[in-house]
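Naming follows writing order (A, B, C, D and E), and every chain is counted from residue 1.
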Amino acid sequence: MSLPQVLDRHLRDLFGSGRVNSVLGAIPTRGPLGMAQLARTPEEVERFTLSPLACPNLLVHLTSKEARLDPTRFPLAVLARGCETRMLNQIFSEHGLRRDQVYVVGLAHCPGAIDPRRLSAQLPVLRGFPEATIEGEEVVIREESGELARLARTELVLERCRHCQNHEPLIDDYRFDLVEEADWIEPVSVDEDPGVEAIDAMIPIERWAYWRSQLERCIRCHACRDACPLCYCENCILERHTPCWVKRSVNLPENTAYQLLRVMHLVGRCTACGECERACPVDLPLGLMMRKMENLVREYYGHRSGLDPSGEHLLSIFDPRDTTATARLEQ
Amino acid sequence: MLIGDRKQQSYEPRIVAFLCNWCAYAGADLAGTQRLSYPPNVRVIRLMCSGRVDPGFIIEAFLEGADGVIVAGCHPGECHYEHGNRLAERRMTTLQHLLGFIGIEQARVRLAWVSAAEGRKFAQLIETTVEEVRALGPFQQFPRRAP
Amino acid sequence: MRMLQAKHDIPKLLELMDQDRELFVPVRDEGGGRFARWSDLDLSVNEDIENTLMLAGEATRRPAKDQLFAETATLFRFRLEQGDFHLEEPPPGPSPRVLFGVRPCDGRGFQVIDTLLVGPHGGDTAYQQAREANLLVGVGCKTPGPDCFCTSVGGDPHSSDGLDVLLTDLGDAFLLESITEPGRDWLSGLQKHGVGFLHDAGKRDAERARVAQHEARQRVPRQVDTSRLPKILERSFNSDVWATVAPACIGCGACTFLCPTCRCFDIQDLVQGSRGARVRVWDSCMFREYTQEASGHNPRIRRAQRWRNRFYDKFHWSGDGRGNPACVGCGRCITHCPSGIDLVEMIERVTSAEGGA
Amino acid sequence: MNNRVGVFICHCGKNIARTVDVEALRKEAAGLPGVEWAEDDMYLCSDPGQQLIRERIAEQNLDAVVVAACSPTLHTTTFRRAVESAGVNPFRLEIANIREQCSWVHPGTAETTHKAAALVRSGVEKARRTQPLEPIHVGLQRAVVVIGGGVAGIQAALDIAEAGYPVHLVEQGPNLGGRMAQLSETFPTLDCSSCILTPKMVEVSHHPLVTIHTLAEVTDVEGSIGNFQVRIRQQPRYVIAEGCTGCGDCVPACPQVVPGEFDRGLGARKAIYIPFPQAVPFTYTLDREHCLNQGPLIICDRCAQACEPRAIDFDQQPSEELVEAGAIVLATGCDTLPLSHFREYGHDRHPDVIDGLMFERLLSASGPTHGEIRRPSDHRVPKSIAFVQCAGSRDPERGKAYCSQICCMYTAKHALLYHHAVPDGKVYIFYIDIRAGGKGYEEFVERVRAEDGINYIRGKVAKLIPKDGKLEVWGVDTLLGEQVKVEVDLVVLATALVPSQGIQELARVARVAIDGDGFLSEAHPKLRPVESQTRGIYLAGTAQGPRDISATVAHAAGAASKVLGLFSHDELVEEPTIARVNEALCRGCSFCVSVCPYDAISLHEGTAHVNETLCRGCGACTPACFAAALGPRGFEDDQILAQIRALAC
Amino acid sequence: MSANPYLLQRARIDWIVQECGGPRPIRTYTLDPEDSTEHFAFEPGQCVQLSVLGEGESFVAIASGPEQDEPLQVTVMRVGLVTTALHELNIGDFVGLRGPYGNGFPVDRWRGKDLLLIGGGVGQAPLRSLLHHIEANRSEFGRVQVFYGARSPEAMIYREEFAAYEAHRDFDLYLSIDWKWGPDGPLDEDACEGWARVNLSNLRSTRIEQDQVRFTGFVPQIVQAVAPSPQSTIAVTCGPPAMIRRVVEGLEGLGFGPDQIYTTLERRMKCGIGLCGRCNLGPVFVCTEGPVFSYAQLQDLPEAFA
């Protein structure tokens, strides 16, 4: 299950040439999620895997307080798919990291990553970390005892892969093709987003009834914030005492304030990667809000975060052609 | 006075207004010097510019019992600090859509341009907002209960 | 005392339970299930009770803990004046309730918390009052979840620790066994009112229960040897096995908030105008702010230190007061860790890393 | 947090006390957490009121003060001085506006007192969280840019230059003089307008400290009070000022005849011209728009040939100059409502319907008819004239709502001068009300009214019907209550005064507010008529609103005195409510750098740094920073959140 | 059903002494607890939870002696949310008070022994409580040597009491100021006049005159210079963690055994009664089994000096 030979040797050379101090990748775990690991020596590279089952979010470990406390890990090589290079661009544009601190191993022709929840929903009997390969429109799950299942790719991949427009990495210092050049890679992306459209179709009372039942279940464990590569403030306002934006009591009003403030601090930055939804231990549909805001921002201001590493922040600039809120309201 | 029991009595909407010091606040003062009258449901907070209004303030206002929020600044192009109002526009638009997405009626957050000379327009803005928010009913979604 | 209850009459039994004591039952929701008030549910007549009330299969993702050790509990209320304050009389104690459908691991969880939430200056009254007011009716685990390892930490899919009554699934009926005095009084009270569907169980039913319980024990998916852990942990505090966790852990509180034995809390004052309340809210040792001192010093600033502290607290420093570790092996922190950190794998790693030496 | 707050509630005579129960307000304020003392007083802004505050601060050793009275725009400085003199930092004062935004606009119900209480609560919560702030001292450029070369601009420039400070006088037209230069005589003394204006123009042109820029416009204003950078764009005159002796030989040589703007289209001028004989600077101007030579192609150089000192230069280029100034005076003057506006009076069909300014040109000796009053149509001396007052003024539906103040007076003057010129002429003045409020004004009108042949008819003119060489004026005489029909040779409309051309653009550039009618809006109609709302930019003359020449000169002198007041200190004391960065929280994401309208924030080694002189404290950077690492002092997040909590519940 | 352990009593602030100013000012509050009709009983070294309702609670050492006649006093440095709120209160205001908590110094086991009290900064507060107790029962204790160090003369607390001790000579007093830093930067030479220099290169060689009290240098250095004998002596040290670590090393160097050295530890605390789990040193809670620990205990407790 370890890395393909070419990539394995390239990563080891990076150590040799002193270009990087560590390599960040994912190792297989018992459940179909994989675990981020930091290889500080060439030998440790051998444990990494490129399996579509092991795609935890690696970038959160570049900007976290942990990374700031351990500067020796930089410069660091990270395996990044197209969507992850988009997140990297956004981080660079916010000076969260300097470009020279990161050696980007771009994973090209990305056919998509498997969503562990969708996999365990379709294969509840699955135990351990099977071997999974994506061939054409199907995902083939194999065990030692042979083929376990063939499932449709669009049903199994992460939500962000279903809307993917970056199958190729935007930036990279080294490019590695996950799958040989194939024309079938493109069609996985679908336009319509049933979740967001379903809510858009509702009237306000229905919407609130839906979100009320979701936000009541939040246990305020901060997993959504801590899983986000763009949430790396020193003293996050969601936990700040003076001034206190969100009180510590766990109830509907504070949970709603928590999520609203978090989303408003990500508007124009978030690349709708869905990590917050995946990290949530009580399965709150946070991805809906993020995708809604990403669509809104694209529709109203033509802004897609993470495409330009030196781009301006959406809410720090304005454009005379903005469809003025008041004009619309006064129609 | 607890939020809870204010809502039981006959419903008078509580509106919090963030007015920019140079235009909207001066417009409100002008409405005063002209002795216009408008409903007392609005409570004003003076800020130097509508660009200072943080989306978090709007959320805090709803949490603390407001039924509607007005953000009023200078007309586009007339901002005393050049483009504070244009920045406020993007922030309020995105916030309105986010609130709308989770079920808060968009009419509860009102962004308006009132210049220092528009006392009458300010009074009308207050009246229409109070009527609209009264029509929507009290803000039941996520007000903070007394501890 | 033992009673037998046919499965199809369960809703009637639950309705009966709800008469004198407020009934709370596990309810399946988009978040893997939590406990909710029975009267709030509007179950259709042909509802598949076993699935909705999660009597079979996995336990509720949010443990029964939050019914007794609430996420936010008022310690006392006060009124502020200029330079002075007045305490208001404490809130009334909780009304008597029945918690039906508690899994044995959650039950044992309460036993652990009982030993932790009591100190030299008295216990946490909010928790103790709730603990005394709640009657715990456990239901045995017929099919444990994917990451359960309760048998490796002194637990059992049908253990009765911390419970007042235990139900065992016999296929077409449940066997109710009372464990504690209050459990027996409650069961006999129930039997008096519940004429017609609760009837005495014979020796053969008890035998069928034993067989079912033994089968359930075999279905616990994961095992790990924790016997040598205490000795190993004596000397592995500074081992670098803990470093394997650091690059993956994101420092959130998911594992601690889902854990049935985590009871760390923070005390905060909530004020509105001149009225306020001092509340106890859940806190997690995995948060950096947990040990952040005002002077800026933080004894556990790195995530590996915090993870190690949680591991030691579960397997070495605290316990259930009966020689078992403070972990009840419910597997929730394994299944729902956003970073894929596996506690059982870590136990194996620690044992092998230090065990051999 | 300051826990010894003093709350002072003002009755403002009856203005607040009429609808707000001040006693209940005082009682509630006394009970608020953090409030040590609460008191009410009839007039807090009065000296006894100020003294009361000072005494209470000492007595109760208060550390912050809330004044619940009128709008902060009025007395913030007064109360800050009172509080400061009692030893409390002036920025620990918070004003709750319970007059303009509460007592004046709401009925005397309990809800109004509730609202006042909430506003006081909000003020207290903010006052408790204020920090002591020290004003920031900023260097001061002691130079002025005066925009507009009319009498207002000239007066302001002279007063400031006399006090010893350099002035840049910027005039859009080719020469100074503005509207007043076009007048013949002035009321009520009938002084010849250019006789009293020319000495001023000469004085200002010779003053060593005044630099005159004609044919010049201000295109950009950067910086702020005390440190403006004004960009002046100089249009080419195509005549070398130093060379031109003013001999005028070039004019007869020029083949191109053009309608003269200065004479309001009644007279003509050549492509190379000087608007009027007393023009300052006395230099001819070549109007390349109408000159035969278009663009670089030179096909006619007759004027150059005729110019003996060779002072004509066809390829002069526009130039720009950046001037440092501590203050700016806007004296851009006014214009009259174009005649095309009056369809119903048929101007566009009849040349003998003119406006007051055109009649001035007819009266003026240097005018197109050299002082003889002749009809534009056939140049005959009109035997009867009808003056139509309030043409476009006091007419909200079709024109301007306001009264232009000077028309009644100049029409009376026109009638008198016409009567002297044509003793047997008939004058009909259609008016609604005669407004003659100035010194000697009423007496002047009475004198005109007494002349025979001058008939004041109280009524509006409905229509003008051209009828065989004359104009039939259909009006009404409301005093006699009957229709009036009069045949006259000439009709003069007293058109409304409106702001001058291009004021919109200039206001945008200088970031100055404009009122509903397009005039520059003053800081306060009663108390601060010569200051704009933008600190450091002052208003002079009719640019701020209609007024006669004496009022314009007084207004301009007022503006000049404000500038001199500013320049009397050796440095500028700035409000300290500017942004402050908490380095520990700043992530160096530079979102604030791009949002600041004044580019006051820059990144130093990954942390934001605020330039104290540039920052104006607008606070636009604070919501842009999601790490909440910076905020304007005086409007910090914790203060505003506390205000929201106080107001919303 | 035990009473709610979080409930607190009102205590009126009778008197406030501004011990020192600077970025982190220190104040001593004299409190009059409302409930306890008789004396608020505690042992030296114990702590109380001081509440400013609306802000929170702060775990603070009691600075006054346990004897009946002494009013209850606490010394608080303004550093966090609650302590800042405390510093804004005035005489006549009320604070919340609950306790006493923590184990306090094992004074009974120290009767008849010589004592070494080494304090740093605001850490002197619990030692002052011990000193007052010793003064009240002077005969029960042997020789008492008191070391106290602060950043600069202005940053010293309890200045009058030290002056009194200096006068009546009952204790051997050694006061020291950081020889490098004053409140506004490095101390120049003449600011240190009257404060003897310690020979840093060879501490043992410094000659300490008989009545020499004031020194410039860090407390651990002064202790090395004075070199007290470990013979039947108990050493107690409280102050910033960095100082404690170096003092303990120094004492071990002088031959003190781990059970002869006691110290108090600081941790973030919330409940103060061993329930909320955050102040743990391994299995032990600082708020109940501490804050006083012997060095022997600390040697096998993980993260003691983290």
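The rule we apply is simple: contacts are C-beta pairs under 8 Å (C-beta built on N, C-alpha and C of every residue); 3 or more make two chains touch, one makes a residue touch a chain.
Quantities reported herein were computed from a predicted structural model and do not represent experimental measurements.
J.: In the chain contact graph, what is the shortest path length, in steps, from chain B to chain E?
T.: 2
J.: A-C or C-D: which has the larger count of contacting C-beta pairs?
T.: Of A-C and C-D, more C-beta pairs in contact link A-C.
J.: Could you pull out the chain whose C-alpha mean position is farthest off from that of chain D?
T.: Ranked by distance of C-alpha centres from chain D, the top chain is C.
J.: Would you identify the chain whose C-alpha centroid lies closest to the centroid of all protein C-alpha atoms displayed?
T.: B
J.: Roughly how far is chain B from chain C, centre to centre by C-alpha average, rounded to an integer in Å?
T.: The separation of the two C-alpha centroids amounts to 46 Å.
J.: What is the distance in Å between the mean C-alpha positions of chain A and chain B?
T.: 36
J.: From the C-alpha centre of chain A to that of chain D, how far is it in Å?
T.: Averaging C-alpha atoms per chain gives centres 57 Å apart.
J.: Give, as an integer number of Å, the spacing between the C-alpha centres of chain E and chain A.
T.: 51
J.: Touching two or more other chains, which residues of chain C qualify?
T.: Residue numbers touching two or more other chains: 80, 83, 266, 268, 270-273, 276, 279.
J.: Quick check on chain E: which residues sit in contact with 2+ other chains?
T.: 81, 89-90
J.: Taking each residue of chain A in turn, which ones touch at least two of the other chains?
T.: Residues 237, 242, 245, 247, 249, 251, 315-316 of chain A each touch two or more of the other chains.
J.: Within their complex, state which residues of chain A touch chain B.
T.: Touch residues, chain A against chain B: 199-200, 202, 204-212, 215, 237, 245, 247, 249, 251-254, 256-257, 260-261, 263-264, 267-268, 288-289, 292-293, 296-297, 300-301, 314-316, 318, 320, 322, 324-326, 329.
J.: Spell out the residues on chain C that touch chain B in their complex, using ranges where they run on.
T.: Residue list for chain C touching chain B: 74, 77, 270-273, 275-277, 279.
J.: Which positions of chain E touch chain C when the two form their complex?
T.: Where chain E meets chain C, its residues are 1-8, 10, 53-57, 79-81, 83, 89-90, 92-94, 96, 101, 241, 266-268, 270-271, 273-278, 280, 282-283, 285, 288, 302-303, 306.
J.: If we count contacts the way the header does, which residues on chain D are in touch with chain E in the complex?
T.: Those residues of chain D that touch chain E are 1-4.
J.: What does chain D use to touch chain B in their complex?
T.: Contacts found on chain D: 71-73, 97, 99-102, 104-107, 109, 111-112, 114-115, 118-119, 122, 508, 511, 513-516, 521, 533-534, 577, 595, 597-598, 616-620, 622-624, 632, 635, 637, 640-641, 643-645, 647-649.
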